[in-house]
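Some structures to go through are shown next.
Shared chain: chain A. Partners: chain B in the first complex, chain C in the second.
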Partner chain A sequence: MAEAAAIAARPVRAKLSRDDIIMRGAMVVLALFLLVAIVLPLYFMLSKSFETYTYRFESIEFQVNDGDGWGETLNALTLGQALGVVTPERMVTSNGGRFQASEFFPDFSFRSPRLYRIRNAQEDAGGFMVGGGPVFHTEWVEVTSNDFRRVQIRPALSTGVDNYIAYVNTPSLFFSVYNSLFIAVTTTVIVIGLAFFYAYALTRTCMPFKMLFRVIALIPILAPSLLPAISLVYLFGNQGIIRELLMGERIYGPIGIVIGSAFWTFPHALMILVTALSISDARLYEAAVALRTSKLRTFLTITLPGAKYGLISAIFVVFTLVITDFGVPKVIGGQYNVLATDIYKQVIGQQNFQMGAVVSVVLLLPAVVAFIVDRIVQRKQVALLSARAVPLQPKPNRRVDIGMGIYCGVVAVVIVGILGMAFWASLIKFWPYNMSLSLGNYNFDVMDGGGWEAYGNSIRMALYTAVFGTMIIFSGAYLVEKGRGFEFGRGVIQFLVILPLAVPGMVLGLAYIFFFNHPGNPLNFIYGSMAILVLCTITHFYTVSHLTAATALKQMDPEFEAVSASLKAPFYRTFARITVPVCLPAILDVSIYLFVNAMTTVSAVVFLYSTDTTLASVAVLNMDDAGDIAPAAAMAMMIVYTSAGVRLLHALLTRGLQRRTQAWRTR
Partner chain B sequence: MTTDKQAGEPYLRIAHVIKKFAAFTALNDVSIDIDEGEFVCFLGPSGCGKTTLLRAIAGLDIQTNGRIEQGGQDISALPPSERDFGIVFQSYALFPNLTVIRNIAYGLENRKLPRAEIDKRVRELLELVGLTGQEDKYPAQLSGGQQQRVALARALATSPGLLLLDEPLSALDARVRVHLRHEIKQLQNRLGVTTIMVTHDQEEALTMADRIVVMNQGVIEQVGTPMEIYRHPATAFVADFIGKMNFVDGTVAAAGRVKLGEVELSCDTDGMASGAPVQVAVRPEDIIARGVAADEANAFEATVEDLEFLGSSLRVDLAGENLGGQRLTADLSVNLMRELALEPGHGVTVRIPAERIRLYAAGGT
Partner chain C sequence: MTLKRLFAGAAAMAMAFVLAAPLCVRTASAATELTVYTAVEAEDLKRYAAAFNEDHPDIAIKWVRDSTGIITAKLLAEKNNPQADVIWGLAATSLLLMKGEGMLEPYAPKGLDKLNPKFRDKDNPPTWTGMDAWIASVCVNTVEAGKKNLPMPGSWMDLTKPVYKGHIVMPNPNSSGTGFLDVSSWLQLFKEDGGWDFMDKLHQNIAWYTHSGSKPCKQAAAGETPIGISFAFRGAKSKAAGAPLEIIVPKEGVGWDMEATAIVAGTSKLEAAKTLVDWTITKKANTLYNEGYAVVAYPGIAKPVEHFPPGIVDAMIDNDFLWAAQNRKRILAEWQKRYDSKSEAK
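After this line comes the complex of A and B, so read on.
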């Protein structure tokens, strides 16, 4: 009895197998990767947004000697306020800010024989620069007039919400919040409306040319978001071919941003809505017919509620894509500022990294809210799906089919028109004066922006991203889905892999500057290299890829791993021989998704490229900035050709692979 | 096949195993000994802990407390890869991208055996499970029954000391199931491999097992041969779960006597106090109606309330004042019904042999 009690009382400590140890090791590595790739950069950015640099003039003192001994001690704050050179606005600066000491002496001349003395009244203030080095001690430093002109006062670092207060109090910045929301909401309403009926036509009618319409609608995915904006300039710009259609309105501003954003977000909304409308239950419609329900009422009471979750999901996806997009407003926004362009202007234009970080945090908020709502909605949708639903087969209806055909035709013509405009413009010799065709615009090497090398860099970057990204993401998904025990570690990773979805590209790019460019970071060496671009792009598109891989893994029999263990096969053998071959279609999907996105992305990498690693999408941006809009269109089209070519290759490859290695799928 | 051990020692010893999932206790102090070569079934309703116990034996979900020994070695904490067992799941878990032959050879290849030896062993196994000629097909090209055989061959390929079967037949249709039931049992007899099968199907357990372990809510209700379990269910739960059983309320009249309604019957009261409320359990086939005289021991009058035709037999609902408003169901043959001309509303004299009546303390089910 005593022995029995002893057995029952002692908890069993499971011995780890070699597999368990290797898998846990791999999970730790993955967690570290995600820590470096997303968590730490975001943390650095967040802490940066609370850093304020202000001049502490009250602790700077001067003395002047005109040859008759040192005069009275002058306080810089009192002096500056009396002179009007120190104003509250000028007190706030960034970490690179410097204030010329000579500004305190209006009669200053570097040729004068006058001597100056300067000192810190306190040690913990920002100090001042003299002769190249900063001075923090409280002794007097004596300089000649010639040297005094180079004396600069440094700001002091403090932490707090001052940046946010300054942000709210700067109308030019704060107004962007309103602009961004206005653009995002307007575009969302338009895109969801257009895409819903387009998806309805594709799934619920017998309209002709369905396949063609589907393919055309997905084309914008292949293009960088800069492309529609460039096309719009050609169509509606100052020398646009159909600018009269705007009836005097200017395309540079909200109109252009909304049209451009609608173009490139349309396929994203369409894919979600097609899926939502495909999973309908025919039995409901049969019941409606049996009950003599009118068409309109059927639509309002069955179709719309059935697609409810898909609609909500599409709304949030489009909203997030638009509010975080940088390409369209950069090219066609004109003076109309939005959050994404503000970040760019603060960082690249004004080198005000703290304010860039503040705008990033502001931009992070709507993205995070949209992300959370979307997760909740998706969880609900899974529970709603019934396995017994009978798929709906649309029945021909001449009037509806023709009407929907015309509607889809119009949308398709607009999409093809916008793409075609960029294509045509890229081939025109000198718009609008010499309209003959030429390939001159593709001679990138004679233009600023990076040349063909940028295109080559993009291909390399996309390949690295596809190869390494797929390897990391699929292995990570495998560890999370198929790992045994270690629930805590898996839970942490599960959270970390979802995180990138909520982080806009601009925010991620800026966060990478703060983290990787920090002099104390041992990973500092990858800053400015190809590696940081690849890392950033993999991270940016991690979540969707992970979810694709995880879905494929979930569909596999959960007992494969148990059987393998009983057969004493190490997990990596089963991973290589069973898991990877069975999941090959999903692996190819992930790699192509990463490749195309790496080709088209601009928002995250725009902060991270160096002169050696300029990318094609960045070249588009820079050439457009420089006024070389035709070459910009040409480079944008190069991205489209490449993405389309790779997609085609992928389709052929998948089919060939499936025929050869997936023979077991067919009975 | 197994390590040396002392005679009389069980091959698998499960001692005081407890498994907790957060606040839920899936196994509560479970102990059983299983001998070498035995075929044991874990039987119980879903959620009773039978699969949890199987997974603990396999090391897939290691128990919270308690010890498991196999062949004299303590395996409680070992991961599955360091234990000696073959396993077949309900889903079969065949590798879909490997042919039949590659599936069966999967475990052998891990042992780095010479190619020729692997081929020989695979041929042997194909013959054993009757799949010769199917070796180059993929699992998706096989029927459910054939897939099950491949899974079995794969599990047996490495000659494990213990074969674990997790509801291996429940995904198959009824005819194939009956056939395979027999085949698995024969195969097990031939190989003499110690086998544990988890099932919720009592018929499967009764026909296949040497011993049945009936489980409910994380504890073992009874361990015994199929006959013992059926004839002498230890608890009201087992009595109710295995086969069909009438439960009627009664009281202990005296030692060896129980009263249900107006009827007093003799039976084994097993030391229960006189006057104690009990549940009287009687199997429908143990109610005898052929040639019963009214003055016989344990005979009483009842009224036929309803008849249900089941093909070769009839299910007869008996009631009447004698039974105090309670109802007994009896299984009677069609011939007998004709002989006695039973019809609803007619009276009939029935007898229940004393040794076929079991009493359980009231509120036990």
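After this line comes the complex of A and C, so read on.
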């Protein structure tokens, strides 16, 4: 009876079709992919930042022999506290911390004939060092006074917030927070100002050479962020060709970082602002003219508010890009420490992985805050363009057009100048003493950094990233946008795909070390291989690619799926026959975006490459680091040539494809 | 071309890359393959491996090369799951860090007694053996120094004179092994208090600290700075490339570190690793090291290296590596506190 009632009470549910089961299976696979690619690494990094090292003095024991036999056993903790050498602050240290054993004996002299004995009271408490090697067993170790000065107590692993306390209390580290914020805010203000008027000129005036200006402004996207920094050294360094322009100021430091960052973030801001300014309703401007509103007032009350959301988005994008960038400050930052270079110094220079993780968490905070604020603001955005809106057609205005043309010309000359400087410097034999031209700097095989092999690896890595990344990301976007039911799973994935945008490349790279190099990780084998570089790069650039794909998919009428389903066509056939061909331009956009970014990225992969998988962008960094700045410029230019070539190919391909597959768009 | 063919083409291309990738990595397959971590210059590695394979064709070497800091970080990161069998050509101070973590296998290679006793771990059996020394020097760009009327420095103390203000570049010891070698040598030369006192004064003249140890000399070679504190080998190379450089050996003495060799504890190829380490201390191997380095572990064979400053060997201080390794943490923290904070950043 009871059983029957239970069956009767079960709500009616649609039977799962084969399509649904496959789709859910695919969604689980995607969720697992994102779990491994981003969630678990971040979790491992967070737990690493709470790993601390503390001295376990209670488990260290001494005995002393002044020639009259061994004295009583002394416990280090009791002894140290009585002497005042062991204080709570001194108990905490970091990986590699050492405590001098002779500190427990104020009358210690290495010349004395006294003998010492030391032992561990328990085995797993950190141990101590004798003669440079660690001792973990619990037998007595006997040493002379002369050797006792070389006895040190080792810390044991524990957990706590001590790393964060140490971080805040180390001024040289903590100051980087101010420096990073200062650089990010200054650059954002400058770039947004410059890009806004540039975008305004492109969209709202009849200035000549618009196409040319647009193309030039997008060039920096093709270069690694290290390139502007290298150019600045040649332009404004101590042997720079126009160093007088700085009027005695030094390029190594905040000035250099701001100029370099502004160069490579400019196109990112510009693209967003051009989109924002392209959408406008001419009727508002007609009304303004009819009401005799002044030009300035029109600008302040119509143009600016209309572009508000684009502006906010651009501000956050630039801010995040600058604060998380590592290339520019590394090359031209001089003594000016920022968070991103601190992570590198902690990990590479001092092998202090725990502190590296702490700085990563600190770097994650502003990026996450910027990300959340941006999301909230975007949610409030309402459609500006109603169906009745009339697109604004800019009217010629000689004065404005010429003025804007000059302005854009100046910006374009600066961009081309910085790029051209790197191009020229890469061809100079020995700056500044032998200015003859040569291709010697392109002979990468005789220099540190990985040689031509690194360039080949970069191309391979970029191709894998483009091919596999596009497959994963587009299929993922399809599942999220076109999947039926399973709202919960789709919601989770929707959150997970947005997450990578908030994670700086360096933080992701470091998180990957902690996660994939963990000996217990079954995926350990991909550590040091090409696969981890590809995985990291796909993840790093996942969000923007996903949004591009999702936008394209949203434009497709859901009736395609409905019709297919009613014709009993499985969803994957619809996907292959209809969805993919229709979305081909977006698919190509995603793959080119992934390719170019894989070529230029440094921060995400700098901790992950191995000897077999050195990359061109990392080679630029390492050659500059070794002081081989001209070859570094040459390799950076190789990246630019490649990205530009691929872009060009993409443009041609898109045009051909558009004629073949997108004919339906034109009527 | 139809769409279908386009897709088929793309898929075939992707497949080709997937299949080609593993093929490219594995080509040589000798009886035993040793994974060897090293910080030796890329161009020297091929010669080293070729010379070794002349005597031992049955052992193939798979190099993993990077700068000292990165290789050290990599080894420490892999502490619980070592990937390397042998370390051949890494700073002794880095190897001492690994010894402190119990990561090295003690082994007395054949012919150990022939080596200069400075070039081995003091333990018996030793955990590492030295190859060659890598000596600090000061690179001075004569053209730029002339333009700025800078006198030629002769000693470390000279570098603290106000005339050099803003004209000296040195590596940051927190990221560069050469930088640490300089700092630890000053603390040994001038004793603890005198050393910090010297660095306080020197700091007033430093234009900037670099991340890497070779960069100061290369920047001096390019005229970016008139004076760079770096190492002799780098200076000699830049000079050979045509840079207007003078390589100065400060008269108080210069710090040095050595490139050394060790077996990684837990290797599954211990016999092959021992064979390799035996070979690395032979006369033949040391003759190879001598092509770039003026001082090698095997006594009596070193020939002078082109552009190396005379008298540099006598100027090498009696470096206490163990002291330097054991106090590394403390010294770096103190250095960072004094010179790496914002107040100094200009």
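Operating definition for what follows: the second predicted complex is superposed on the first by the 566 of 667 C-alpha atoms of A that agree within 3 Å, B and C clash if a C-alpha of one lies under 4 Å from a C-alpha of the other, contacts with A are read in each partner's own complex, and residues count from 1 in each chain.
Methods note: a residue touches a chain if its C-beta (ideal position, glycine included) is under 8 Å from a C-beta of that chain, and two chains touch if they have at least 3 such contacts.
Keep in mind that what you see is a predicted model, and the values were worked out from it rather than measured.
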For this session: After lining both complexes up on chain A, report clash or fit for chain B versus chain C.
Result: fit
For this session: Could you tell me if A:625 is touching chain B, chain C, both of them or neither one (first, second, both, neither)?
Result: second
Problem set entry | Which of chain B and chain C A:568 touches, first, second, both or neither | first
Exercise. Regarding the shared-chain residue A:446, is it in contact with chain B (first), chain C (second), both, or neither?
Worked result: second
For this session: In the three-chain superposition, say which chain, chain B or chain C, touches more residues of chain A.
Result: C
Exercise. When the two structures are overlaid on chain A, which partner does A:437 contact: first (chain B), second (chain C), both, or neither?
Worked result: neither
For this session: Examine A:582 and indicate which partner it touches, taking first as chain B and second as chain C; both and neither are also allowed.
Result: first
For this session: Could you say whether A:291 touches chain B, chain C, both of them, or neither, answering first, second, both or neither?
Result: neither
Seminar exercise, completed: Taking the CA centre of chain A as vertex, the centres of chain B and chain C subtend an angle, in steps of 10 degrees, of 160
Exercise. Is A:348 touching the first partner chain B, the second partner chain C, both, or neither of them?
Worked result: second
Seminar exercise, completed: In the overlay, chain B and chain C get no closer at Cα level (Å) than 12
Problem set entry | Those residues of chain A which chain B touches in one complex and chain C touches in the other | 581, 661
For this session: State the interface residues of chain B toward chain A in the complex, per the touch definition above.
Result: 15-16, 18, 29, 58-60, 62-67, 76-83, 85-87, 89, 91, 93, 95-98, 106-107, 110-111, 138-141, 154-155, 157-158, 160
Problem set entry | Sites on chain C touched by chain A in the complex | 3, 10, 13-14, 17, 21, 25, 41-43, 63-67, 69-70, 72-73, 76-78, 80-81, 83, 96-97, 99-102, 121-123, 127, 143, 172, 174-176, 208-212, 214-219, 221-225, 241-244, 322, 325-326, 328-329, 332, 336-337, 340-342, 344-346
Seminar exercise, completed: Contacts from chain A onto chain C in the complex sit at residues 94, 96-98, 129, 131-134, 136, 150, 152, 170-172, 175, 178-179, 233, 237-239, 250, 252-253, 330, 334-337, 345, 347-351, 353, 430-434, 446-448, 451, 460, 463-464, 467-468, 513, 517, 519, 524, 528, 530, 581, 610-612, 622, 625-629, 660-661
Exercise. For the complex, which residues does chain A have touching chain B?
Worked result: 4, 7-20, 557, 559-560, 562-570, 573, 577-578, 581-582, 661-667
